[in-house]
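Note that subunit A is present in both complexes that follow, paired respectively with subunit B and with subunit C.
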Partner chain A sequence: DSRIQYERVGADVTMKCGSMDWDAAVTWTANGTDIDDSHLNGSYLILKNVDLTRSGQYSCYEGSSWHLKYQTYLKVGVPPKEPVLMCRSNNYPKGFYCSWHLPSPTYIPNSFNISVIHGTREMVCEKDIFPKNRCHIRYLQLFSTVKYKVTLTVTNALGKNSTTLTFDEFAIVKPDPPESVVAKPVPNNPRRLEVAWQNPSSWPDPESFPLKFFLRYRPLILDQWQHVELSDGTSHTITDAYAGKEYIIQVAAKDNDIGTWSDWSVAVHATPWTEEPKHLTTEVQITETTSTSTSSFMPPPTTKICDKGAG
Partner chain B sequence: MAAADTPSAALRRRDLCSRGIRLARKMRSDVADLLDIYVEQQGLDASISVAAVEGVPVAAADRWDEQTGAQRLLDNLAAYRAFRALLAQMLEELREELGSADAALGQALAAVLLQVSAFAYHLEELLQLESRGPPAEEGSGLPAPPHLSLFEQKLRGLGVLRELAQWAVRSVRDLRQLAKHGSGSGPASGPAES
Partner chain C sequence: LGAGQSIQKTYDLTRYLEHQLRTLAGTYLNYLGPPFNEPDFTPPRLARAERVPGATVDLELWRGLTDNARLAANYRAYSRLLCYLRALDGQAGTAELRHRLGHFCSSLQGLVLSIAGVMSSLGYPLPAGPTAAPGSPGAANDFLKKMDEFWLLKELQTWLWRSAKDFNRLKKKVPPAVVTLRLEARGF
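Entry: the complex of A and B
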C-alpha cells in the first residue's frame, strides 16, 4: 500500500521497519539509494530536522532476504498561512466572484473550502474549473443593507487556516477596464484627438446599469496626466493636445452610482494631425532655370504645391 | 390606446424619469453626507450592524428585474411615504434630545426630509401618468414609535438612514427601467433566479 507521510520542515522523523523488531538487521533506502547506518537506531530510521530535500520514497528491507518490509512516501512541508481572499463584482448585478491565494507555498497539497453567508442565507459559490482558486456567487437579492460574509478555510495535512471578508453589496462593484480603445487624429485639426472605446464585455447591461468613464492622456514627453470624467457615452474628443506630439491615452470605468473605478485600460498612442510639409516651388524658379537657354519671356511667379505622388 | 401608451405620455414619462433619477442621485449623495454627520454626532461606530428596523421599508429586493413598472412605482411610493414619516419622527426626537445644540445634524436631516417629500410627490406624478393614480395614503403615517432607550433610538435612526441610502440607489435603477420599458414588466439583466 502506497503510504504517504507528511512531516513539517524542521521536524525529527522516526520510521519503524514495519513489524520488524528493533534489533532486526535491515537496510533502508531513500529513492532507491541506501541510507548509511549513521541514520539508524537499531532498525529504526531517524531523520533529524528534515527539510524539503528529505521528501521522497523510503523503503525498508529485511537484512538477509531483502524482503520489502515497509515503504512510505515522505512529504515535507508546512501548514498553510492565512490565505489572501478577494471578492469583486465585475458583472453587476449578475453576481460576484471570490478568488484566493496563499501568501507562501506549503509544498504539500491543500484543500480550500469557502462559505458565503448573506444574512441568514448560505449562498452557493460555484467553483471555476480554471482558475481553480476562484468561484462565483449569483446575487439573489439586490439593494440589500445586509452585509455579505465570506469565509475561506484552507487545510492540509499539517494544519489549517482561514480568513473572513465582510462587505456591502455595493462596495465590491468594480467593472473591468473599457475595451477596444482607439485614438486617432482629426484631419485638419492639429490639436485634436478622437478617442473611442467600448463597455467591458463582462458588464451585462450597460443600459440599465450605465457606466461612467475617466480618460487620462499625456504627451509621451511629459509625466503629468490630464484627466476628464465623462458621465455617458463611449467617445471623447481631446481638443487641447500639443500639436505634433505623440500621446498616450487610457480609460477607466465605474458604475454610475456605486462601487469603485476599474483598472486603467490598455494604453493607446496617437499623434494629432499635422499639416503636410509643403515643397514650395514657384513658377519663377522654373522659368529662370529654363529662360537662360531660350527666350526672355518672364511669366508672373505662381506657387505650385507639388503632389508628392507626381514626383 | 391607454393614456399611458401615447407617444406624448412616453415622452412625458421619460422626462419625469430622468428628472426623478437626478433627484434620487442628489438625495443619495445628501443621505450619504447625512449618515456621516449622524454617525459622528450620535457617537456611533460606522461599521456597527443594525438589525432590520420595524416599520422601515427594506430596499433589498429578490427578483428585482422581474418587477413591472407599476410595481416599481408603487413600491417606491410606499417606501418614500414611510421615510417621510420616519424622518419627521427623527427630526422631532432630535430636537427634543438635542434642542438646537445640533443645528448641523438637524438641518441636514430637514434637507433630506424635504427631498424625500419632493421625490414622493414626483412618484405620484409618474403614477398619475400611468393613469393609475397614486394610492391614498393610509392613516396619518406611521404608528407611534416604540419606547426605546436613547441608544436604541440612535440605532434605529441609523437603520432608517442606511435603508434610505439603499432605496435612493434602487430608485435610480427603477426609474431607469421605467424609462426603458414603460409601465409594463421589462427583463433587465438582474440577479439570477434562485
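Entry: the complex of A and C
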C-alpha cells in the first residue's frame, strides 16, 4: 500500500520499520539511496528538523533477506495560511464570481471549500473548470438589501484556515475593461484623434445596465494624462491633441449608477493627421538641381517662385 | 414636458437623491452610533422593518415588468418611504440632521411627483389604494427603533439604485422624441 506521510517543515520524524523489532538489522533507503547509520536508532529512522528536500520515498528492508518491510512517501510541507479571497460582479446583473489563492505555497495538496450565504439562504457556487480556484454564483434576486457572506476554507493534511467576505450586491460590481479599442487620425485635422471601443463582452445587458466610460490620453513625450468622462456612446473625438505627436490612449468602464471602475483597457497608439510635405516641381527646384551652388532655403510654397524679388 | 424628457428628469433626480443619501445616511448612522455605523454590521430584520417596501425583486420578474407596473412600483414605494422618513425627520436629535432630513424629504417628494408626471405623460393612472405608510405602534425600545431606522435608510438606498435601472430601461423605450421634433423645426 502506497502510504503517504505528511510532516511539517522543521518537525522531527521517526519511522518504524513496519513490524520489525527495535534491535532488528535493517537497511533504510531514501529514493533508492541508502541512508547512513547516523540517522538510525536501532531499526528506527530518525529525521531531525526536516525541510522540503526531505520529501521522497523511504523504504526499509530486512537486513539479511532484503525483504521490503516498510515503505512510505514522505511529503514535507506547511499548513495553509489565511487564503486571499476576492468576489466581483463583472457580468451584473447575472451574478458574481469569487476567486482565491494562497499567499504562500504549502508544498502539499490543499482542498478548498466555499460557502455563500445570502440572508438565510445558502447559494450554490458553481466551480469553473478553468481557472480551478474560481466559482460563480447566479443572482436569483436583484436589488437586495441583505449582504452576501462568502466563507472560503482551505484544508490540507497539516492544518486548516479560512477567510470570510461580507458585501452588498452593488459594492462588487466592476465591469471588465472595454474591448476593441481603436484610435485613428482624422484626415485634414492635425489636432484630432477618433477613438472607438466596445462594451466588454462579459457585460450582458448594456441596455438596462448602461456603462459609462473614462478615457485617458497623453502624448508619449509627456507623463501627464488628460481625462474625459463619457456617459453615452462608445466613441469620442479628441480635439486637443498636439499636432504630429504620437499618443497613447486607454479606456475604463463603470456601471452608470453603481460599483467601481474597471481596470484600464489595453493601450492603443495613434498620431494625429499631418500634412504631407509638398514635392516642389516648380522652376526653382529644376534650376537648383542643375546649378552648382547649393541653397538650403526652400521658399515657402505660397511665394511666386519666378518672382526675382523672392529671396 | 414629453414623456422622454420627464423620464430623463426623473432619472437625474434619482441619481441626485442617491448621491445625497450616501452622505446623509453616513451622518445618520453615526448619529445612531455603534454598532449601526460599523461597515459590516447587519442587524436582524424584524417584522416591523419588513413593512418598509422592499426593493428586492426576482431578476426575471423585474425584467418582465410592464412600464406601467414598473412605474407604479416606484410610485408606491417612494410614497411610503417618504412617510417613514418624515417620521424620522421629526425626531432626529440634532438640528443639523433635522435640517438635512427635511431637505431630503422635500427632494424625495419631488421624486414622487416626478414619477407621477411620467405616469400621466404615458397615460397611466396613479396606483389606487393607500400609498401612505400604515400606522404602527412605536418600537418597544430604543435599540429596536434604531434597527428600524437602519433598515429604512438601507431600503431607501437600494430603491434609488433600482430606480436608476428602472428609468434607464424606460429611457431606452421612450426616447426624448419631443426634443428631436423641436430641433428639426429650427432647421438643425
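The definition used in the following text is that the second predicted complex is superposed on the first by the 281 of 311 C-alpha atoms of A that agree within 3 Å, B and C clash if a C-alpha of one lies under 4 Å from a C-alpha of the other, contacts with A are read in each partner's own complex, and residues count from 1 in each chain.
Throughout what follows, a contact is a pair of C-beta atoms (placed from the backbone, for glycine too) under 8 Å apart; a residue touches a chain by one contact, two chains touch by 3 or more.
Everything numeric in this text was worked out from a predicted model, so none of it was measured.
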{"item": "Room on subunit A for both subunit B and subunit C (clash or fit)", "value": "clash"}
{"item": "First, second, both or neither for A:33, with subunit B first and subunit C second", "value": "neither"}
{"item": "Partner chain(s) touched by A:140 [first = subunit B, second = subunit C, both, neither]", "value": "both"}
{"item": "Partner chain(s) touched by A:204 [first = subunit B, second = subunit C, both, neither]", "value": "first"}
{"item": "Touched partner set for A:93, first subunit B, second subunit C, both or neither", "value": "both"}
{"item": "Which of subunit B and subunit C A:258 touches, first, second, both or neither", "value": "both"}
{"item": "Which superposed partner A:170 touches (first subunit B, second subunit C, both, neither)", "value": "both"}
{"item": "Common interface residues of subunit A - those touching subunit B in one complex and subunit C in the other", "value": "93, 139-147, 170, 207-210, 256-258"}
{"item": "Partner subunit C, residues of subunit A touching it in the complex", "value": "93, 139-147, 166, 170, 207-210, 256-258"}
{"item": "Subunit B contact footprint on subunit A (complex, rising order)", "value": "93-95, 138-147, 170, 204-205, 207-210, 256-258"}
{"item": "Interface residues, subunit C side, partner subunit A - complex", "value": "15, 18, 40, 42, 45, 54-59, 62-63, 151, 154-155, 157-159, 161-162, 164-165, 168-169, 172"}
{"item": "In the complex, subunit B residues that touch subunit A", "value": "25, 28, 49-50, 58-62, 64-65, 159, 162-163, 166-167, 169-170, 172-173, 176-177, 180, 188-192, 194"}
